[in-house]
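Both complexes shown next keep chain A, but they swap its partner, so chain B is in the first and chain C is in the second.
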Partner chain A sequence: MKKANILEFVSRFGTYMIVIILVGLGCVISDKFLSTTNLINILDAVSYLGILASGMALVTYCGQSVDLSTPSTIAVASFVSILTLRFGMIPMILCTLLSGALIGLFNGLIVGKFRINTVVWTLAVSFVFAGLIRVIFGSANIYVTTGNTRAFEQISRYRISGRIPLGVVVMVALMIGLHIFVSRSRIGRQLKLVGCSELVARYSGINVLRIITLSFVGSGMAAAITGLFIASLSKSACYNYGTGYEFRAITAVVLSGMVLDGGRGSIAGVLGGVLAIGLLNNIMTLLGLNSFLQDVVTGIVFIVIVWFTNYTKTKLEALNG
Partner chain B sequence: MDKDRKKWMAFCSANRVYLIFAAVFVLMSLFAPRFFNTYNIGTLLGTAMLNGIVVIGFTIVLICGHLDLSTVAIINVAGNLAIYMVQKTGSFGAGILAAVVAGIVIGIVNGLLVTRAKINSFIATLGMSTLLQGLVSYSNNAATRSITDFTMTDFLDKKLIPIVPNRALIAIIIVLLVHFFMSRTTMGKNFYLVGGNVESAWYAGIRPEHYLIGAFSLNGAFAALGGALYACYLASAMADIGAMGVSPLNMLIAASVLGGASLAGGRGSILHSFFGVLTLTALYNGLTCFKLGYEMQIFVNGIVLMIVVLMEAVSLYRKNKLAGSKSDLFKQAQN
Partner chain C sequence: MKKRTLTSLLLTGALAVSLLAGCGSGGGAASDTQTATGTETADAGGDNLEKSKAIDWQSAKDNAGNPLFIDTFVPDTPEKPADPDSLPETDELHWFNFEYPYAEIQKLEQPASPADGCIGKKLILLKNGDHPYHTAYIEATKQAAEIFGMEVEVMSANWDVNIQTQQVDQAINEAPDLIIYNPVDQETSVTHLRKMYDAGIPVIGSNVMPSNEGFQYLLSFCGPADWDQSKLLAQYMAEKAGYKGNYCVITHNPGGSAYYARAYGVITELAKIAPDMVCLDIQSPGTDSAENVKQVVSDWITKYGDDLDVIFTSETTVQATGSIEACEAAGRSDILIGGIDNSETALNYIKEGKLTCATNQPPMQDGALPVLLAAKWFNGETIDDYVFMEPAVINADNVEDFLPAQW
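On to the complex of A and B.
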């Protein structure tokens, strides 16, 4: 019984244990690690990833594996934000969110209705939108020219009371909001049930199509927010701004203890996963590791952690009969 | 009348990829300027070499119901290793052999991660991909390796039989051999059984994990062979081939889905996947004849993939919706 308790604890709080281990490691390695500037830098470095991952986690939680259309959604959102800036800040933000929501709606309706494999479908959607942007704008960047340029730049540069970047605040607020929504609300519980077993969900009268669509809309909107921040940071929009983000977000989601079959884990865990990535990168940079070697280490750590999580899960299931 | 129509429909869906290929080829020949001539068709077949060889292993993994995201990283490892070995030893044979051995080792590790550690193949190969790509980039600081020995290039460019360059001939021979193995031998058919239903495969006396490890190592071997041959042909190897234009991974998934493979496993055919590659290559080649860049290629790749997947899903949806209804039972009774 005791063993079961330990395993249960590990499988539930495993992500935070990794975070604590990494923080400990960081303290040993460098005395600069625990300075406020460094800690804020760690958060700042992963804030866009965190925003994206919290949205994608909804799709995974709902049992739809992963949303690979996010890179294109990020790119589309960055273009929409710059093109609509001339109408003012509020309409620009609304239009950007709407573009993400529409792509999510499109994905969700098709995947939910026809039960297409999510990986293949979202990949196809990703090509279509990336190709569309590249055809229209000829693979070139567009820059901020009209509208309130200063305010647009400030989205990614503004620091609350001069210290905490807006991106971090948005990430933490989004995570807290989504965590409460998923764990406390009725729709949140329906998400979990659809993730655990779609058939059971359908037979208990849940509108499965609506729930799946909702998760994709959430993912699309989160990607749109990420796109807005990236556009503001670089003061431009380009077709490749989202490249690579999808796999990093998947890494964060998987490290959080969510399984691709859905129904497990929590949004708070995703924060842990994102922090683990941030801490790992920070420690390796403090050690002065080459960025390609950082990739190698990230790959190894990723596989080992997933292996360990799987191991505890299977042991736990064996103990519980 | 109804029976004829049904037969026709079944024929169409079984030979879908050939029909799409024929349609693309005929349309491009009619409309694309300078598409239909021996030189361009030779080029087209030659371009299909890399993806044509790599898609073999990729399809075998798909047939087993898994996805290997590390394929592109294996291509890069193989290309760089082959060029490095040629630089050191001066022999192309040693380079290609080393690359294929490395590919098989990577494949076995992938297979062990999936079967022994029981990690979802999507995640295991994603981690593997990050790791390998990091290694390749680190080994040469993301620079392109190149050699000045062009004997392999000349050999692969020669035409033993008219129109078809040697590199396409090699790909076609390998595809036909593996296709024969997968569709005619018991061992090949067992891959389908493992992908279709692991449990019944186990009851039939097959060791599913052995076949899975086999599938991943075959994927490693073919990805490495394709990558090494391609690098020797170009006499150079990029650190990341996926960063340029249409990534091979996108092409591989689109081609095999076009050829009838499904991510659920148990379905697919090597020859069909190869024709999927040819179709997409012909499409890209034709678009280039219209002087459209790879912006358009990515867009068209997406549209084609979308339409194929959607058509398949809608027909399945209709079938499921009708299943068990009065009209469906009536139809079954009639047959």
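On to the complex of A and C.
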């Protein structure tokens, strides 16, 4: 029983243990590590990733593995944001969120209704939208030229009290909101049950299709917010702006202790996973490791965490009978 | 049963949309053909040659009204050192095999020019992938082909070497008069070039260099003078920095010739003209995410503090944006940032005073150049083995000359 408690503790708070270890390591390697500027930089660097990962975590938590359509959703959102800016900031934000929600709705309905493999389906959707963008815009950048361009650019540049980037505030607020939603609300409990066993959830009277669709809509909207920030930062939109983000988001979700089969983990853990990535990258650059070695280290950490998560899950299942 | 039918219909629909999207996008095995419309089609014998030679290509303009065909140069190759690897990385001759990959290549016998005129000839452009730069490149290739009365078919590999391998076979099967080849991957390029050579199709390499061995199969190679523009960037930035201070370099993506050229062109030149300038770090955060670049530069600022004076970027969209944003967030407007190429982002930053300089690597002229060489070859003229676009520095004083941007 004692062993089970230890394993349960590690599986729930393992990410934050990694964060504490990395903070300790950072303090050892650089006296500037704990400076406010550096800590804010770390948060700033992973804020877009954190927003994306928090949405993708809903899909994972719901037992639907991962949402690989996010790169294209990011790209679509970046185009929508720039194209609708002429109608004003609020309509632009609404349209951008709507674009992500619609892609999520499409994914959720198809995956939920027809039980198509999530990875295959979302990857196909990603190709479709990436292709459509290139058909329409010819692989060219589009730039912010009309509407309130200054306000648009400030989305990614504004700092609250001159210090804390808006992206960080959005990421933390989103994580807190989603954590409360997932852990306290009825729908949150239904998400967990669907993630644990769809069959049980269905027999319990839960509308599984609605829950799965909701998780994808959440993921799509989070990807759209990420796309909006990226478009603001780059002052442009391009079909490849979301490239690579999906795998970093999956890394963050897995680091958080979530199991890709669903039903385990927490959004607070995702924050830990995102922080771990930010700290790891920061420390490796401070150490002067080149980008290739950084990839190797990140990959090794990812493998170890995936192994450890599966190990604790198996052990816990065995101990709990 | 009804559910299964519906699922099948949906999947079929999705697949059809995917295929349509892919075909039109240049992703996958995308191809796009343009036939010459503005000029006469080929006719027999010397008449066609005379008409081809009479084409006024010199007055052609790009979308900004600048000459479509710009000044080029044929590089001088220095004597190769006995063992380049034994030299320090800050010595430009250490990179001899990278900067002059064609220097020791004994070219294989090339197909003889038909010398019957360029009008009516068919070209296939094997493009490496989609990117705003390459969109402008392709546009210019088509424009130039139209000027010379040639037909051009574009196949884009979307950065997938396996797709490019299939497209090489497809291009050979179509038996064009000439292929313009932009490799996705240097290592695989030699296999592609050997196939095209064995098929007897003349090939002009463009934009990205093939592997050293691959040069033996090429009729000619043309493109940006990556090493030269890196050195030019280094010279300008060193002058602005007063030939002192420390710098960091952000590389281009590994796998292409730009990776070494745009990093070590800067480093070797600075070692020569500004030995007091010290390279603090080199990183490769990629060219896809400004956020990744911002993180690297923020970490540099944390690590090196006031010791960091200059940042060199290997491109000017994502990398320049990430660098500028990181410096602004840290209140380090004193750090000089210079980058290679001339995107609209770069030109705007130069106008705003946030980017010290960029280099002129115009995609339209890059895309038009291999067509010009092909036309000359079809007309029986001798073309150089290696032709590069003359680089230039774009700064606050001359940025207006380069507007509007091509991409």
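Convention: the second predicted complex is superposed on the first by the 319 of 321 C-alpha atoms of A that agree within 3 Å, B and C clash if a C-alpha of one lies under 4 Å from a C-alpha of the other, contacts with A are read in each partner's own complex, and residues count from 1 in each chain.
What we mean here is this: a residue touches a chain if its C-beta (ideal position, glycine included) is under 8 Å from a C-beta of that chain, and two chains touch if they have at least 3 such contacts.
The structure presented is a predicted model; accordingly, all values stated were derived computationally and were not measured.
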Chain A as common anchor, with chain B and chain C clashing or fitting: clash
Which superposed partner A:138 touches (first chain B, second chain C, both, neither): both
Partner chain(s) touched by A:209 [first = chain B, second = chain C, both, neither]: neither
Touched partner set for A:176, first chain B, second chain C, both or neither: neither
Which superposed partner A:105 touches (first chain B, second chain C, both, neither): neither
Touching partner for A:164 - first (chain B), second (chain C), both, neither: neither
Which superposed partner A:23 touches (first chain B, second chain C, both, neither): neither
Partner chain(s) touched by A:123 [first = chain B, second = chain C, both, neither]: first
Partner chain(s) touched by A:245 [first = chain B, second = chain C, both, neither]: second
First (chain B), second (chain C), both or neither touched by A:93: neither
Those residues of chain A which chain B touches in one complex and chain C touches in the other: 110, 114, 116, 124-125, 127-132, 134-135, 138-139, 290, 292
Residue ranges of chain A in contact with chain C within the complex: 30, 32-33, 35, 37-38, 41, 44-46, 48-49, 110, 114, 116, 124-125, 127-135, 138-141, 143, 156-157, 159, 165, 230, 233-236, 238-241, 243-245, 278, 281-282, 285-286, 288, 290-292
Interfacial residue positions of chain B with respect to chain A in the complex: 67, 113, 117-120, 122-124, 126-135, 137-138, 141-142, 250, 253-254, 257, 262-264, 293, 295-303, 305-306, 309-310, 313-314, 316-317
Chain A to chain B touching residues, read off their complex: 65-66, 110, 113-117, 119-121, 123-132, 134-135, 138-139, 247, 250-251, 254, 259-260, 290, 292-300, 302-303, 306-307, 310-311, 314
List of chain C residues in touch with chain A within their complex: 3, 6-7, 10-11, 14-15, 17-18, 20-22, 24-27, 130-132, 134-136, 251, 254, 281-286, 288-291, 294-296, 298-303, 305, 317-318, 321, 325-326, 328-330, 343-345, 348, 407
